[in-house]
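Just so it is clear, A, B and C label the chains in written order, and each chain counts residues from 1 on its own.
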Amino acid sequence: MEIKLENLTKIFPARKKGQKEVVAVDDFNDTIPDGMLVALLGPSGCGKSTTLNLICGLLKPTSGKIYFGDRDVTNVPPEYRGVGMVFQNYALYPHMSVEQNIRFPLENLKGDQKLSKEQMKERVLASAKLVMIDSLLDRKPKELSGGQQQRVAIARALVKLPQVLLLDEPLSNLDARLRLQTREEIRRIQKETKITTIFVTHDQDEAMSISDMIVVMKDGKVQQIGKPQEVYDHPINLFVAKFLGTPPINVFEGAIFENGLWIGEEKLFDLMPTEDRPVFVAIRPEGFVLDEHGPFSLDLIRPEVLGRDISIVAKHKKAQSETIRAIIDAFEAKHLPKDIVRFYLKPHKVHVFDAISQERIECVIRENGE
Amino acid sequence: MEKQNWKAFLYLLPALVFLGVFLVYPLIDVFIYSFEEGYSSASQSYFGIGLFNYEYVLHDPYFKQALINTFVLVIVTVPISTGIALLISLALNSVKKLRSFLQTIYFLPYVTNTIAVGMVFMVLFKETPYSQGVVNMLIQWVHLSPVDFMEGPWWAKMFVLCFYTIWIVMPFKILILTSALASVDEQYYNVAKIDGTSSSRIFFRITLPMISPSLFYLVITGFIGAFKAYSDAVALFGTNLNAAGMNTMVGYVFDMLYRDSGGYPSYASAAAIILFAIILTITIINLLVSKKHVHYN
Amino acid sequence: MKSKKKVLVWLLLAIWAIIVLFPFYWMVLTSLKEYGAYNAEYIPQFFTLAPTFENYIQAFTDVPLGKYLLNTLFFAIVTTGLMVFVTILAAFAFARMDFKGKNVLFTLFLALMMIPGELVVITNFVTITELDLRNTFLGLILPSVTSVFYIYLLRENFAQVPDQLYFAAKVDGTSDWRYLWRVMVPICMPTLVTITILKVIECWNLYIWPSLITDDPKYFLVSNGIQQIRESGFGRANIPAMMAAVVAVSVPLIVLFLIFRKQIMSGVAQGGTKG
């Protein structure tokens, strides 16, 4: 099912006098193609959960429209939208067994949708098998591990065969190891069922690793929409650049001056003709290459061994953060100098943003010697 | 979520109807009654509006008797029952063996029928055809002279009423105080012990302040409860409390309303409002005092 | 020093246990003494060698004590049932629904908790009399249904049920009504059990209202029945028979207490007061 969001806006009125109203979602436009796994990504309070609640119908938008396929569902209550939802704390009914939990949505069906006992049993079993908890049907939620509860919640969301599956921070209550495992699981289930799936997360790793498309949000506004790699490689503004990637991108104050890109006294690249201005230069940790004659230098603090790679912790007086991280091949790092390290920078790992608007500046780098 | 005005109203409707008819309307009405002079329930008419009912009640010797009885009951039973309950709770808290068994026993009076068990107390204190009753027998064992508790002097009857009242209110007080004591964090005691604090100092400087909100709650509910005493007196001395000289303020209200001397809802209302003005005043005084002396977390 | 203190502690605990239990013992003991033997005692006897059930037979045959017990049972069940139903609905509205004036109304409810029942009995007596409902079960039951405190208690409990369960149920297409009975009520069962038992106890011990509203023994509850026995029935002379009646009235509650000890004590600790 294709989902289309048109000028979607949600404003929460001021709770008390003197407080301001809160614009939780501001003019959201997007079309999510059928069968996609989409991540809504952003820091807490960015409006991603509100967006999810608007799509499932728990909240009504202040303005704008929501379409499922050709059907306008903006004013349709949640139960008639055909969505399945998995909540952050799973929201399993504590007094019901796993089987009763999964069956509960089916018992609400009315009219010609009504199912017989056998049909219900079949559907419950199929759903439980899909998430591989068919051996736990008699248990109560409190007798299950976090990962198992998560699966029950997914099974319950899927049992009605929804056309849209929504997951709110599905992995945030799991420990690190389970998280990796479960996100693969979600990917598998989504691939098997081909249900258009939207999930909310604040963890960019999670979003990048399994989704077909990510939507980065900040303060209720959509920043960028695209395939994970695209967004990573071409962040549209400084916020997106900083939000994606671990370790985070390194940001320096710099300038475009006489067709060159400068940080402090050092000229990183020659540029095709463009106007002079102050900028932010953001360099991905993997963009650094050790080079004695490289154009850029950092003050070394210490190297950190990560195994395959080495992370160089350094500092620079123009950097926004106190320390800078560069990741280089362990083999190359054998002969690290003591204090100052020089680097050559990979051009496609260097992003330039306007110092005032923080928007991306597309400047064409003329690589040295080319 | 959207506002659900109509639906919520439907859910609340039964409660609103019951509360409106049997709680809110009567509350307003009782004030009106108390100012209607000479209202008769038979003719449902009255002469005028004024303070006559209050005047009548305040000059009624039976009301004075009820007022005195009630005040004595309050002043005697509230401190004594709270004090004993504190002692027993401290004792309970210091033992491990039999604790829950004893707690169960101590709670028994709470679940008994006040009227029924009051009659047992009457029997305990009452003379039988050839003896002076169990309690008098115990009194004679310690070489004191027996007293006719049930039909004798006023103070003897008052003693029985106070004794029974204390017996009845103890379960609630012990329960509240034991749970308050149990919820004081062990760590405070451990720290105090390491510091070498004496046990009396621990009690007055740590335990007492920590449970002071519960103690205060018991004092307030104790006052209110004792001011509303009635059933206990009926159980001990029968329904004709005026004759026994043992009437309470609530008893006076109901006697005015009903039974042989009844049929005067206006007097009853005036007496009820006087009673609750007194309760309100004392509760407010309690609250003001507590602000200074009660320790809240 | 330490052992001395221990002895004192146990002495205190033992004395209070005796003070609590002795009336119960005396009640049962007297009920088993023969009428003649009791009255002939020069010194009160602490046990009896010739227990008799005659007093119980008299208590149940001279007056319709069995009828009083049944009346009280019926009254307690219907009143409690109605109260629980009304309370569940109101608590749900306050805990789960959003409506205009909710906070104002809830504050008013809380204020009503301060109103002592004695103050409103006068008008209720007049109301019930005017409706010609004296000496009917309806007249007994209706004013006893209201309980602001239990609405408050249950609302607090309902409010602890996570919001997400409600949202999940909404997405699953559950109506409010179904959600209330299928999810909220089962989850809050312990509190509901507590409320139910406390209300039953309250009903069983009710004295003032039934004494105002009934003078026909057909509608007597146990408290009035027993008061009647004592003032104008066999209780005036026959103390053992009266004690038999007292035992019959007391035993059901004590059994109920022993079964639901935990719920009752935790419920009372949460702020229930007697009556």
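Criterion: contacts are C-beta pairs under 8 Å (C-beta built on N, C-alpha and C of every residue); 3 or more make two chains touch, one makes a residue touch a chain.
The UniProt protein names, listed by chain, are A = Sugar ABC transporter ATP-binding protein; C = ABC transporter permease.
Note that this is a predicted model, so its numbers are computed, not measured.
Averaging Cα atoms per chain gives one point for each, and the point farthest from that of chain C (ABC transporter permease) is the centre of A.
Geometrically, the chain at the heart of the complex, using CA-atom means, is C. Taking the mean of the C-alpha atoms as each chain's centre, chain B and chain C (ABC transporter permease) sit 17 Å apart. Chain A and chain C (ABC transporter permease) have Cα centroids separated by 58 Å. With centres set at the average Cα position, the gap from chain A to chain B is 63 Å. For chain B, residues touching at least two other chains, in rising order: 1-2.
In chain C (ABC transporter permease), no residue touches two or more other chains.
For chain A, the set of residues touching two or more other chains reads 58. Chain C (ABC transporter permease) meets chain A in the complex at residues 162, 164-165, 167-175, 178, 182-183, 186-187, 189. Note for the complex: chain B touches chain C (ABC transporter permease) at residues 1-5, 7-9, 11-12, 14-16, 18-19, 21-27, 29-30, 33, 41, 84, 87-88, 91-92, 94-95, 98, 102-117, 119-121, 123-124, 128-131, 133-134, 137, 167-170, 172, 175-176, 179, 221, 224-225, 228, 230-231, 234-235, 238-239, 250, 253-254, 257-258, 265, 268-269, 272-273, 275-276, 279.
Remark: chain C (ABC transporter permease) residues 9-10, 12-13, 16-17, 19-24, 26-27, 30, 38-44, 85-87, 89-90, 92-94, 97-100, 102, 105, 109, 112, 115-116, 118-127, 129, 142-143, 145-146, 148, 151, 176, 201, 204-205, 207-208, 211-212, 222-223, 226-227, 230-231, 235, 239, 242-243, 245-246, 249-250, 253-254, 256-258, 261, 264-265, 268-269, 273-275 touch chain B in the complex.
On the side of chain A, the complex with chain C (ABC transporter permease) involves touching residues 53, 56-58, 77-80, 83-85, 87-91, 93-96, 104-105, 108-109, 156, 160.
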